[in-house]
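Encoded as structure tokens, the structure appears first; notes follow it.
All chains are identified by letter, namely A, B and C, in their written order; residue positions are counted from 1 within each chain.
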Amino acid sequence: MIAGEPPGAVFGLAARGITKRFGDLVAVDRVDFDVRAGEVHALIGENGAGKSTLMSVLYGLLQPDGGAIVLHGRETRFASCADAMRAGIGMVFQHFLLIDRFTVAENVLLGREPGRAGFIDTAAARSEVASLAQKYQFALDSSARVESLSVGARQQVELLKVLERDARIVILDEPTAALSPAEANALFVVVRRLRDEGRAVILIAHKLKEVLALADRVTVLRHGKVTGSLPIADANANTLAAMMVGRAIDLNAREPRRTTPGDVALSVRGLCAARDDGAPAVRDAAIDVRAGEIIGVAGVEGNGQLEFAEALYGLRSVSAGSISLDGADITSRSAAERRAAGMRYVPADRQREGLVLDFDTVENALLGDQRRTRVGAAVNLRLGRERADAIDARYALAGYDPVRPARAYSGGTQQKLIIGREMTDEAHALICVAPTRGIDIGAAATIHRQLRGVRDRGACVVLVSYDLDEIRALSDRIIVFSEGRISGVVMPELADDITMGNLMSGAASNG
Amino acid sequence: MMSPGILAAAVVKVLPKKATPLVFAALGGVLSENAGIVNIALEGIMAGGAFAAVATSYYTHSVALALASALVTGALLALVLAYFAIAQRADQIIVGMAINIFAIGGTAYLVSAVFGQPGASPQVAGLRDESALTWAAAAIVVALHVFLYRTRAGTHLRAVGEEPRAAATAGINVAAYRYGATMAGGALAALGGAYLSVGETDIYSDGMVAGRGFIALAAVIFGKWTPFGAAGACVFFAFFSGLQIVLQGANVPAQLLEMLPYLLTIVAIAGFIGRARPPASDGVVYEP
Amino acid sequence: MADALRRAGGPLTALAAALALSSLIMLAFHANPLQALAALFQGAFGSEQGVAETLVQTTALLFAGLGVAIAFRAGLLNIGAEGQLAAGGLCTAVAGASLHLNALFEVPLCLIAGAAGGAIWGGIAGFLRARFGASEVITTIMLNYVAFLGSSYLVSGPLRGDANAPETAPISASAVLPPLLADTRLTAALPVALALACALAWWLRRSVAGYELRAVGSAERAARYAGVDAGRVIVQAMALSGALAGLAGATEVLGLLHRFNAGLSPGYGFTSIAVALLGGSDPIGVIFSAFFFGALQNGALAMQALAGVPKDLVSVVEGLVILFMAARWFSKGRTCLRRPAVAADAP
């Protein structure tokens, strides 16, 4: 029995005093957390707060160092996630575990395929999954290959995997991270249905608005400890954020502008670019960005914004249109030449694009400029050292050592290294893609401050982000991408969810 | 000058001889790569199988035992690859090269040590009718296709090669499938080597595999990692290999003809004849 | 210095394990490992002639090993040293026989011809990989066979110098590499190789081109972000790698055989992979591992003659060394190539 529980309410999953250590780091520190039938219990916290670790323990992927798991009132151990699944727990991970080449039916029934004597009855599999999909009103073709599905549809396949095993306890890890507002709303409908079916739902989220809309209870984790657990009626965004960070932070506050934008610095006309597989990604994009202005580029992931940013920086060739910087046409210039003209780029995939992990800090501080700043045939290590020292001075890199390979730094420190390298005074035109993705609130606030600083120094900034709140907080103007086209230009004050949702899904356009 | 008809007929006659060892090796490659393990040690495994068959035949005079020993040798050599790839998380291509060097050098060493004469073994009892192995190869092509695409185990094997994490959370034992597929693949490849020794020539000589293991690897890629595709590619390569034998009397220099299979492999690999994706996790180190 | 010793710890342990296992094999065939080792030592270091010959083997392995190491650092596995060596040797032999200049010009020109031949042969594989995504593992192996057969054809026919044997005409006297030690086969090729290794060490660690090559080998997407044209780097790396192997063939022709024939390549192709791996793909490390394998190969002949152990055992040792080096025990994945590119990389 869990203390304070009304008698008889034994159905549910609970963590009682769970502790998990990784070496010296205490990732989860004597946490109590429980979920009952017919409720949605949200678990929120910054990156590294311990949410994923706690869920991994509850799902049998990790063994706790202390405490116990209580299932339906009885203490249990899960030796593996197979145990947890057998016990009726299902989890939908943030990064889907789907086999692209297999069909929906094959993915949902993997490991439990119908058939006799070792052979698979494909027809039975297909119809079984089709009827399950229909029951939850998922518009899925059970014989379609997963690789042909949208992100929202893929998530539905993941949900089907969980529902096919009739999991009574469902864990959803950041489910709306890659969904459009419309797809997110569809998901909410499903989550409410699961709750109404009497299942227990754990929702790991960091979008406070969603938590407030969907959850019945919310628990906040910070540095592995519970800092608050309350029914939703007693919670609001600011108090939750404060519990997450330990101080009052309103990340979404807009700051008053201190400067006025100058002349047009970056000008794009009729830009067309293709994806790696040749399909068109950007169609006829046009925008003027002024010096001292932040343009927010909004849109559901995969609608061409990334290719747009890459084309601006010179990582992707342009099939039509033009780009000019300070009046000079740079459309056919290489990335190195654009860097020389003052363009900088913070890539989406930090670890794989922004750094060479095997190179040391000094060599990484020169990445992109190695040829331009060379001394004869040699790399300018002295300059690299100066840069690395300067980045450390400005951002305080944890464990800074000039000859340490980048691989040895933590993810957050690696991000700071890249941002420090790119957001310098030399940056005249800065292009960022999802700069605070996966970064905790404290560091995100620093990055926001730096972005505003770059703008105030007179640079033009193109900010691609999949976080609408971030876009609204930082942008001076917002453009929205939908299916490769700019479907609209919106001022941040007018960028409410409905307007943005319509523009992002292409249901409306004002471009 | 021979007419095209007679030329073609002559090549077709020699086609099974040329294709069979390639098909065995290629099927071995298909099996292990569909489970996610790249096996470039096919050449060394063929050599190992060829030698083991001859050595066993030399001592036991039994062709059946000779073939069995080839299977065992192939499985053991492949086990080395599987162990280092799975348990040691080593780079599969480097491990494969190591096995090639080790096996080819080892068989040369053993020829001297066992038979007392360097370079080649004495003649041993071999298969009277090696076409039995050709029929077996054809049957295995069909069986492997059915296994991979129609059975539960085969589908699980392919899942392991595509997304081991998804397979693991579905309760599939990733390591077991990878070990099993690699070892079975090795056994098949070794059988291809045995075909060359106790099937065709009844001796073992250094270098008799002559790059067939690598051509088989190309056939796997060319055949898009499917049994029928790889077998078809082998027949295609074998055709040109046969052409070289048949044209030997003509005015074309022998060496230029001998080059044909190798040049063709390069052309095929460069994608002039189509390209496809391998299993998504093929060759990727899996850290559970 | 301490850092270098620590880095050498892995390879040395791998070596010890390989030797131990090989000893077991020898015991299984009633050979005496200690006797074999003694004979090996005797052959490799026992006399002035022996040491010189060891250094001769070292030289060729050093060139080829440097080539494989450079390719490794760019993320490529070059198995084509055999073919590139043959291509280089053939070009050198032809140049040496056709030119009759002052030695001061002739020798460098012939060496350049050899490097060029190897560079082209390696460059083909690099181009196929960069342009079509064709695995360089397979293309270089195929090109080995093509090179062997092609050169064999050429020296039997069009390029045959002497009517009696399938080989090219002897090179002119001014093309011969000056010997380093009288009555031995040791030539000026050795200092050339050592100098090249030092130059490559600097180039790899300090030059912009070396930086970009390492970036492509280690993190191709980041390299692209840094403005590096990965395709160009891949072709250049394979060409450089082939050029070094070609130099191995060139020095073989200019220093030892004075002509090209079909028996030129003494099987350095696979050994050079072992050399590169054991040397940690670092030019200075390769110097030491080339010396080790040179001693091994030279001593193996004595081992066969004196202790009756077939010299192919050396291949077994090589294979085991590579195997253990690849394992996590010893190298922490340092030799791990990015991933095997048996299909096209994303552009």
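Heads up, the rule we're going with is that a contact is a pair of C-beta atoms (placed from the backbone, for glycine too) under 8 Å apart; a residue touches a chain by one contact, two chains touch by 3 or more.
None of the values given here were measured: they were computed from a predicted structure.
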| item | value |
| --- | --- |
| Identity of the chain that, by mean CA position, is farthest from chain C | A |
| Pair with more cross-chain C-beta pairs in contact, given A-C and A-B | A-C |
| Euclidean distance of C-alpha centroids - chain B vs chain C, Å | 28 |
| Centroid distance [mean C-alpha coordinates] between chain C and chain A, Å | 47 |
| Gap in Å, rounded to a whole number, between the CA centres of chain B and chain A | 45 |
| Touching two or more other chains - residues of chain A | none |
| Multi-partner residues of chain B (at least 2 other chains) | none |
| Contact footprint of chain C on chain B as seen in their complex | 38, 40, 80, 84, 88-95, 97-106, 108-109, 112-113, 118, 211, 214, 217-218, 221, 253, 255-256, 258-259, 262-263, 265-266, 269-271, 275-278, 282-285 |
| Touching residues on chain C, where the partner in the complex is chain A | 206-209, 211-212, 214-215, 218-219, 221-227, 346-347 |
| Chain A - residues contacting chain B, complex | 81-82, 85, 97-102, 106-107, 110-113, 115, 118-120 |
| Partner chain A, residues of chain B touching it in the complex | 150-153, 155-156, 158-159, 162-163, 165-167, 169-172, 279-280 |
| Residues of chain C that touch chain B when the two form their complex | 25, 29, 31, 77, 79, 128, 131-135, 137-139, 141-143, 145-146, 149-150, 152-153, 156-157, 270, 273-274, 277, 310, 312-316, 318-320, 322-323, 325-329, 333, 335-337, 339-340, 342-344 |
